[in-house]
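Just below is one structure, and these are the notes that go with it.
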Amino acid sequence: MKLHIDIEKTLGGFSLQLTTDLSGERVGIFGDSGSGKTTLIHLLSGLLRPDRGEILLDGECLFSSKRGVDLSPEQRRIAIVFQQAMLFPHLSARSNLLYGYRRCSDADRAITPESLIELFQLRPLLQRRVRHLSGGEKQRIALARAVLSNPRLLLMDEPLSALDDTLRFQIIPYLKSVSEEFRIPYLFISHSMTEMRLMAEQVIVVKGGQLVEETTPEGLARSRMALSQGGYLNLLRLADPVADRGLVAWRWGRNTLLISPDRLEERALFELSSRDIILFRKHPEAISARNLLECTVKEMFDADGRVGVVLSVNGEQLVAEIVRSAADELGVAAGSTLFAAIKASAFRQLG
Amino acid sequence: MKLHIDIEKTLGGFSLQLTTDLSGERVGIFGDSGSGKTTLIHLLSGLLRPDRGEILLDGECLFSSKRGVDLSPEQRRIAIVFQQAMLFPHLSARSNLLYGYRRCSDADRAITPESLIELFQLRPLLQRRVRHLSGGEKQRIALARAVLSNPRLLLMDEPLSALDDTLRFQIIPYLKSVSEEFRIPYLFISHSMTEMRLMAEQVIVVKGGQLVEETTPEGLARSRMALSQGGYLNLLRLADPVADRGLVAWRWGRNTLLISPDRLEERALFELSSRDIILFRKHPEAISARNLLECTVKEMFDADGRVGVVLSVNGEQLVAEIVRSAADELGVAAGSTLFAAIKASAFRQLG
Amino acid sequence: NLSVAASLKEVINELCASYSAKHPGALFVKNFGGSGTLAGQIENGAPADLFIAANTEWMDHLNSKKLIAGPSIKTFAYNSLVFTGATSKKVTSMKDILSLDKIAIGSPKSVPAGEYAMAAMTKAGIAGKLSGKLVMAKDVRECLMYAELGEVDGGFVYRTDALLAKKAKILFVVPQNLYPRVVYPMAVTAKAAQNEEAKAFLAYLQGDEAGAVLSKFGFLLK
Amino acid sequence: MELTPEDITAIVLSLKVAFAATALSLPLGFAAAWLIVFRTFRGKVLLEVLVNLPLTLPPVVIGYLLLLLLGKNGWLGQLLASAGIHLIFTWKAAVIASAVVGFPLLVRSIRLGMESIDPLLVKASRTLGASWLDSLLSVILPLSMKGIIAGSSLMFARSLGEFGATIILAGNIPGVTQTIPLAIYDYASSPSSTAMALSLCFVSIVISVAVLFLHELLSRKIDRSNGL
Amino acid sequence: MELTPEDITAIVLSLKVAFAATALSLPLGFAAAWLIVFRTFRGKVLLEVLVNLPLTLPPVVIGYLLLLLLGKNGWLGQLLASAGIHLIFTWKAAVIASAVVGFPLLVRSIRLGMESIDPLLVKASRTLGASWLDSLLSVILPLSMKGIIAGSSLMFARSLGEFGATIILAGNIPGVTQTIPLAIYDYASSPSSTAMALSLCFVSIVISVAVLFLHELLSRKIDRSNGL
């Protein structure tokens, strides 16, 4: 996807002025509430009309005030997934699902309902009334509905933020596989750093209607480590769980982690806050923390007075966060060896 | 306050059947969503009419199907604070505040607006339109409004759950001081264990319209330690903060705790999850955790496979949570001495 | 297609019925309404063949617009003004109505009967003293209704209408010298000028048989 | 376009009648809407039917039924007469005719306004010591103001156009009960004064447009003050 | 209570006219409501005034204006006449009279229904490939169904009672254009047949109560199927 944006729009007291060239399949949009993210995607999709400027998608002009081009939303073939599922309450789940597909010309029908119903496991939901669907089921239908309209670009406006944590991470794999399997590029809006890291390859940061930063999810997470409640969130892909005296032993690359039992799946994604890792210079003997890992410091970075310590654990990577005085006391430096203690209950299974 | 409740009420498919005698000034009502908490307080306040039974408050009969007594809500003098502030949108903040006071007979006017405006720091808000108030300001007005109606009993239906964390704990001191200063007993509904422990002296647990348990907030917190995300939440009252190399040293009884900087106040309340405490049998040497406390095990309790370890730290008390295998390995038993490591970032300042 | 003043409804219905009995092919479509309404309708193209009005004003209006076959204008019948009421007071002449509280007349601007009544009162020299007592009604039938319900002590109505009333009795007949003659003109419309059936019915209405029916209903033939 | 002094009288009278009819119906319409929205009682359906009835019946019939009720021999008429009140053939009768005909429109609008009030607000006022009447006046009334204004403007406009019921109950007496529609009727009945009829129509339209604008204005103001 | 065959004809005709007027106005009313709620354009105020006008004018005036417009000399009447269509004095004229008079009530109800639709739903349909017309039919129409039904029942009831405009535009021709209100008028203008007039009033009331009930029923059903 190549998206050229150069637009201006004033809405009451708010004004958006944004110029950028985006390429890549998975772009995140990050920004505070009221920074103009929703306004931006409404402008892109044709639901709002820029005051001036132009929008080009893969070379095709969607809007240009100079040339007098302004394609209507249905001509742009850009689908939006909203924060609320926005299912049509008068239609069944099936009719909602097929709403966009039915309006798609034969030539564009690359994705068929069958394949998506399979992928999203929608079969049991199809006959249901919309109001008999749970929040997560609704959002799954909404997503499938958008994809089935065979758009050239998918815009997602905090599609997960109305859901509870469990649902949220159940849906993320769907979101990603959609883009991968059907080659639909997307723009993904979120306030959640974890969602951003799972969903985006590059991130633009918007503030007060202006683009202030272009970065990667990793860069974003590191720079905001000290600010956010959970610090830097390590994402760990674990596999092959085995019960072990009331806990579960998961394989993490060539390491084993003991984690409090939750759902057992062959592979799972866990979140671990950089603040839940305690570092020792020497091996502590008896300790209540169930995980004690020997690791090497790969690099260190500063974020607002906190120190981020990037650790290598048998080839896997982990970021721990310590205060400056602790860094001095432990004598942490690139290359030094440390022990990291992590409680079994510190891991949070996602999805 | 002495409250005798013996009522039955059927609402559609839901039926409530509850008999209890409550005495004490601060009673919590705890229960899952849909368990009938709201229904119960509507019945008490006269907004709903029980099908059968009686309600006595301090000996006065508010409702009795036998004797044919059914006082109207305004006669009962029981005020409710709702989840949403429910301020009257057509009135100014001041008129909202005085709504109940103006309808209160002279004889009952023990609490005057002046004293409450002082206590709740409402003076700057009085002239404002309701829609120009923030969520927390609204809820403060709503609370003051209820108190100014000089009720005999205050019912609070999740008064804080629509607020964000910061606001929530700003308001709790107001709620408590109201009851203390003006001797108004209250019933407090909440899903939050921390709120419950801060607000209530005793707790009744409701489930499916029935009373299933009468306990204390502490008992409730311990019995639900394993179930809740944050484990058992230790509440620490700290004082006299002093800056210390990027951190803040707070006094906790005769101990000192190093905590990541947040707001500095003379005294503050912090929350610490039982899961954020790592226990060692021996003193670990260099460690990134900034707090290492020597402590004695006072008692241990079981909660769904987890072990709660009640520690005494120089006269203060702390509950840590470890898995059974760790308890065995560390050889924890009442009377044994352990070291507790806590990261500076593990504490959460409330309010 | 007949457009007939509403006050002639009963009599026209009977006349049509008896005509149909003799001429089995004849089919009537009757439209009843105020003369002004009917004239307005004809002016705007309503499909009327025969127009019977309650006064000459509207007939002349249509004639001046060439919507009426001028030569066909004939007089259908005459009527007379009476004073009717259910009052217990003794009322036998124009002077007596001064003793009444409320008197109904048709609105003089829009109801011919009202215009005639007004003229009669003026001529009798009592109009000035009655001004506060008059109730203007939408039409003659409304006058009669007020009288019948006792809402007014009496009202000026046509003789034919007064005869239909149950409670209200004719208290006196207004002397003809006090007001212009009440004429019901009829004519074939311009459109139907060549319509033989319409002309035939017009002729029938002028005949003796029609006269008998008209008399029965209280109309005057000359 | 010229207006005779009589026309001016008719216009003033029309405004007076429409105003009085609206003012008279407001408390009743408010009460009816409140009963329908906030109360459950036997005979609610009957009330709804009764309120909506004037919508279905031709105004002439309504006028006739009102005449039977309020006339000399009607039970309510006799009652009023014994109290020295005579309504028929006065401008007050025109008010009553307009009020009855416009009532369903008023109630429907107020209902819509009331249905959007959060019932918890009413409950809150009760637990703060307000009796049901107090709560009605201090909470429900101000919060249904938008519906009340919409209903009033609708009713006012309808009253300006009321003809059928008025002419029967009040008669068509120039200077006393002749409102704009009745004057138009009089003019229209004579071939010579069609132009006069049209001028009055025009006045009627101008007034109703003014009412519509006023309504928009007021309801925006209320939006603002309620912060919606 | 007895009904003559002529009365039965009038009742059937009334129902037919009310039904046709409602059916005819629905698409137009829907379009007008849509324009007012979802579009911003110049002349919107004019549209609002035009839609509400029939409310303010006496039906007789409306009938007269319609007669001028649709009559032989009216521009629309000439247009229709040249297409071989003659409306005046047929039951179709009664339909048009009823439609015009009831239109403001219909539009007001549909508007209220439309105003409660989440605009994001409409936007969602647009980004899913629906043109504005498609979105109007597949999203806005079904979701404003409650308002449409309320408006239709109001309009139907109003049509049943329409008198003033009908008698002018369609005439009072028994068996052809004589609806219930016109028949009542006929009966009521002769003192001997008051009882007959009252029977027809009663029929009128029964029909409107039936319509009210049907409306309640339908709108409950829609509540259920929309899961509100």
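Miscellaneous remarks
Lettered A, B, C, D and E in written order, each chain numbered from 1.
Going forward, contacts are C-beta pairs under 8 Å (C-beta built on N, C-alpha and C of every residue); 3 or more make two chains touch, one makes a residue touch a chain.
Small disclaimer: the values here were computed from a predicted structure and weren't measured.
Separation of chain B from chain D in touch steps, taking the shortest path, is 1.
Counting hops only between chains that touch, chain A reaches chain C in a minimum of 2. Farthest chain from chain D, judged by C-alpha centroids: A.
Taken over every residue number at the interface, the positions common to chain A and chain B amount to over half, indicating a same-residue contact. Across the two interfaces under comparison, C-E and C-D, the one joined by more C-beta contacts turns out to be C-E. The centroid of the Cα atoms in chain A and the matching centroid in chain B are 35 Å apart.
Between chain A and chain E, the centres computed from C-alpha atoms are 53 Å apart.
Centroids of chain B and chain C (each the mean of its C-alpha atoms) stand 88 Å apart. Within chain D, the positions touching two or more other chains are listed as 185, 188. Shared interface positions of chain C, i.e. residues touching 2 or more other chains, are given as 40, 142. Across the assembly, chain A contributes no residue that touches 2 or more other chains. Counting only pairs that meet the touch rule, the chains in contact are A-B, A-E, B-D, C-D, C-E, D-E.
Partner chain E is touched in their complex by these residues of chain D: 48-49, 52-53, 55-61, 64-65, 105, 108, 112, 154, 157-158, 160-164, 180-181, 184-185, 188, 197, 201, 204-205, 207-209, 211-212.
Interface residues of chain D facing chain C in the complex, by the touch rule stated above, are 67-68, 71-73, 88-89, 167-168, 171-174, 178, 185-191. Chain contact summary for the complex, chain A toward chain E: residues 42, 45-47, 72-74, 76-80, 82, 84, 86, 88-90, 99-100, 103-104, 129-132, 145-146, 149, 151.
Across the complex, chain B meets chain A through its residues 231, 245-247, 260, 275-282, 284-290, 305, 320-327, 329-331, 341, 343-346.
Of all the residues in chain C, the ones that touch chain E in their complex are 3, 6, 9-10, 29-33, 37, 40-41, 43-47, 139, 141-142, 144-145, 148, 164-166, 168.
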